[in-house]
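Have a look at this one before I ask anything.
Labels run A, B and C following the written order; every chain starts at residue 1.
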Amino acid sequence: MAPRIKHDKPGLWSALASPIGKKVLTGITGFAWAGFVILHMAGNLSYFGAGEAYNEYAHKLLSTGPLLYAVEIVLLICLVIHAILGVNIYLGKRRARKQGYDAYRSAGRPGLQSPSSRTMLLTGVVLLVFLVIHLKSFKFGPGIAEGYSLLVDGEPIRDLKRLVTEKFQHPIYAFGYTGVMVLLGFHLRHGVWSALQSLGAMNRRLTPLIYGIAALLAVGIAAGFVVLPLYIYFFAP
Amino acid sequence: MAQTMTIHLKVWRQSGPDAKGKLVDYTLENLNEDMSFLEALDVLNEELIKKGEDPVEFDNDCREGICGSCGLMVGGIAHGPMKATAVCQLHMRHYKDGDTIVVEPFRATAFPIIKDLVVDRSAFDRIIAAGGYVSVDTGGAPDANSLPIPKEHVDEAFDFATCIGCGACVASCPNASASLFTGAKVAHLAHLPQGRIERKERVVRMVDQMKAEGFGDCSNHGECEAVCPKQISIAAIAKMRREYLRALFG
Amino acid sequence: MKLEAHVPSGPLAEKWQNYLDRAKLVNPANKRKHDILVVGTGLAGGSAAATLSELGYNVKVFCIQDSARRAHSIAAQGGINAAKNYPNDGDTVWRLFYDTIKGGDYRAREANVHRLAAVSNQIIDQCVAQGVPFAREYGGLLDNRSFGGAQVSRTFYARGQTGQQLLLGAYQALERQVRTGGVKMFPRREMLELVVVDGQARGIIVRNLVTGELERHAGDAVLLCTGGYGNVYFLSTNAKNSNVTAAWRCHRKGAFFANPCYTQIHPTCIPVSGQYQSKLTLMSESLRNDGRVWVPRKAGDARPPENIPEEERDYFLERRYPGFGNLVPRDVASRAAKVICDDGFGVGVTGQAVYLDFEDAIGRLGESGVRERYGNLFEMYERITGENPYRAPMRIYPAVHYTMGGLWVDYRLMSTIPGLFVLGEANFSDHGANRLGASALMQGLADGYFVISSTLGDYIASGGGSGKADVSEAPFDEAAGVAEDRIKRLLHVDGDKTVTEFHRELGQIMWDYVGMSRNRKGLRHAMDAIADLRAEYWENVSVPGRKDTLNKNLEFAGRVADFLELGELMARDALHRDESCGAHFREEYQTEEGEALRRDEEYTYVAAWEFTGDAASPVMHKEMLSFEAVDLSTRSYK
């Protein structure tokens, strides 16, 4: 016999650790990052803006000070939770079916199983590794002290644009970044819809619609990110 | 007359719960396209018995797609390739002469194999026992029409209540999750006023039992809906999550 | 032995109330000291077990399936009758009673049928309270439909899956009791013997179908809720595992078997398509509300149906029964189809089918209208036959569907063995010689939810099942020994015919000679042929494998052995009943128009057969049926 349940009312912790709680948390933390990613993409696109729009945008962001730190801490916490739950769900799935099938295939629609949904952990790990490199290259990369500066209204600010332009002139960085952003789109293709389903926001009529919109969003975000490195690599002076 | 066909089967044979199993090749000749897939297995078993060998064990009963006894992975898909069809109603006309079909049991840690293609799905009963009911004793129910219920609510409830408990959702789920099964019962009862009285305890207890049984977590692949013989929507899973959140915060 | 039905006194409509008023009650504190064994988890068993546990009894429940939810009640499609009169079309308890007893051709016990009608309304209330999603009107109230030719709309339904929804309701109630600890479930167990101690049913021997172990269970009463025996025909609409074994082993232990020849052949089934066929699929007879049954006027006309012009079609039900047309009762519709096919007018490859045509309905309602009413049935037909019934008419043929006969029970549902109660299709009590549509679900739930709770209590409170039975007592040893010996014998025959081959042969004999239309010569032949087949069985059956593992073929071997005894009894019962009534049609007894000829003077009784130690020489006991409230009339559907 399987173990019987002891308590009817779950505490917050056991609720969060329940199959529902885990998915809700994964969804919320995923959404936080999806929001961040969209803002980041918008920021990237300001590279194409007139004058020093890109650098001014980056500067403005930095000058929010404590607010920025707060957001960064929240994002970091979300990331940790999201990653831990992802690994936990993956390990749980391994336990839930110890012997796999000799033959297995998807039955297709209306199922939503896709290469995207089946590789969430893999794309997630790649994105995590990328994130470390990415932060090292840019956020914690060379700044004013290293000569990447320019004067705006008489004040020296970091010339991030130059750094970005230089980096993306290297094929490894330009194409690596492009590749990872495609994977980001891949991750979001399932992730965005899945988060809504995990939060219980879906019903029979909404699901196909939202699933379609999620695809557009994923492609849009990936496209929004890859134009920058590709433009710089192929066209920038 | 219906066409005859030859079909090659690779069938999972396992003599007992702890025995090591393997796929065994069989060739069936002179099958008829009007046969059901289980009738083709019947033919195989008759041949095996004639040879004095042990027939292939597989659960089946009503053979009209409603009892939920049958359940096989046929060609890698729970209940085989036809939509809205339990394997007992899958017919050989959907195969071509000379096809090879792999037949495996529903695999999940929570569905241990008993023998060959037969698995133990009693975990589902325990999930229902955890709260999948309305607590009314026999007798004393008010007149059936004393509680009008909007037709659309009942229709919605019915769609979820059609679950036959076959376990295809678990078998096809990459995570071996029982969320569609559990969600379907939660959603059925949550759509009806009779079921709303106990809605909070119900969803919490059923979800806890689902976890205790060792099913995986749902990753929203939706494969369960694709193989469900009753085409139960994963909206049931979303509903279960809403019910759970309501139980926590509502 | 005189059969005492224990029908309470008083006017018909007050009998049940009188019984309840006087039935002895078990002290609530004592109920938990009583172990009740319930075998079978269909509508009758599931509802009885849940209800008894709610009352405080200690209930052990056994089923052959892996889960209580899979019992064959789940497959009932059409609906459940009740005398609610919600549509205000004049229905009453009396009318439901009258229709049921008339539909059974006056071969049922009046008091039982009236009780059934009287508790019908409570069943609907109970099921709705459980959350059974019956169909509703837009105003939120329950919807009813007319079913099987009834003149009033009294059938409650849940799409085409009423049985499923009712059974899941009972199953959920049962699982709730599992949680409370009042019910202990034993799935994948097959009852192989009844244990009788000092003349009372005190236990059962079950085989654990996974380990093969023979388990002994003792109790203070045994409730047999094991369904019907339609699978004696090999092909039927019953589930593959439906069988008579539990009931037959009780019969061999002294429970009389009543009216075994009354078997219902359902008219709207998908025809047989080949030798390999393992079972037949029924489609709800609600199809006959809008479908028209016909065959070509010319025998052997092989043209596709759409090429046969209107004037060359014979709508034989409408022709023969202008009053009811396509909605005549099941037995009448089935026999008419058989007669017309036997005369060579049948259609399809085998000639054993008639058309059920929706062309008119599609013209009247549009394809979408028909889809709304029958969509799931049309899909099912297409799934099985590969043909689209919106384009061409369906082909249908009658198939064995339900058995009205069963173990004899008195008014209290107790068999001739004290302490052995029989509920639902397994008993004989309420449907006489023919069951009306949507009455089986009603009976199963009436027995389980509302009758047994009182009658079992009365038995216990009157001293039945007193003292603890002990599984180490000699009667348990003996019963377990019998079960063990049979299994060993089956495994040791080592012949060269499979169980299925024997079963199919038996089924063919039954269908040909003890089927929809019977005659003296054929029945005599059937009895001999079955006896021969039975003798051959024990010398030439092949059952490979072991007894200590899951071995479904071994399970079937035991069941077919019992069918081989039952089949002969059915033929004997049909032979002795020199009349036509309900589903029992004897060719010697028909009117000039070919309608059934009842012989009320001679045959207004229940034939209850006693096993005497040899399947070939049972003794018949009669329970005379007297009708104080209704006049015996000839059923006429013209």
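The rule is simple: a contact is a pair of C-beta atoms (placed from the backbone, for glycine too) under 8 Å apart; a residue touches a chain by one contact, two chains touch by 3 or more.
Source: prediction; values computed, not measured.
When chain centres are set by their Cα atoms, the one at the greatest distance from chain A is C. Summed over C-beta pairs in contact, the chain pair with the top total is B-C. Chain B has the Cα centre that lies closest to the mean of all protein Cα atoms in view. Chain centres here are Cα means. That of chain A falls 36 Å from that of chain B. If you average the CA atoms of chain B and of chain C, the two centres end up 26 Å from each other.
Computed centre separation for the pair chain A/chain C is 61 angstrom, with centres defined by C-alpha atoms. Among the residues of chain C, none is found touching two or more other chains.
The multi-chain contact residues of chain B, meaning those touching 2 or more other chains, are 130. If you check the complex, the residues on chain B that touch chain A are 10, 12, 23, 73, 75-78, 81, 83, 102, 104, 107-110, 123, 126, 130, 172, 174-177, 179, 201, 204-205, 207-227, 231, 233-235, 237-242, 244-245, 248.
Those residues of chain C that touch chain B in the complex are listed here as 47, 50-51, 54, 65-72, 74-75, 84, 86, 122, 124-131, 133-142, 158-159, 161, 164-165, 168, 171-173, 175-176, 178-179, 185, 187, 210, 237, 239-241, 273-274, 276-279, 281-282, 349, 379-380, 383-386, 449-450, 453, 496, 498-501, 542-545, 549-553. Those residues of chain B whose C-beta lies close enough to touch chain C in the complex are 1-2, 15-16, 32, 34-36, 38-39, 42-43, 45-46, 48-50, 52-55, 57, 59-69, 82, 84-85, 89, 91, 93, 114-115, 118, 120-122, 124-125, 128-130, 132-139, 141-145, 147-151, 154-155, 157-158, 161-162, 164-165, 188-189, 192, 194-195. In the complex of the two chains, the chain A residues touching chain B come out as 2-5, 8-10, 12, 15, 18-24, 89, 92-93, 95-113, 117-118, 120, 190, 193-194, 197-204, 207.
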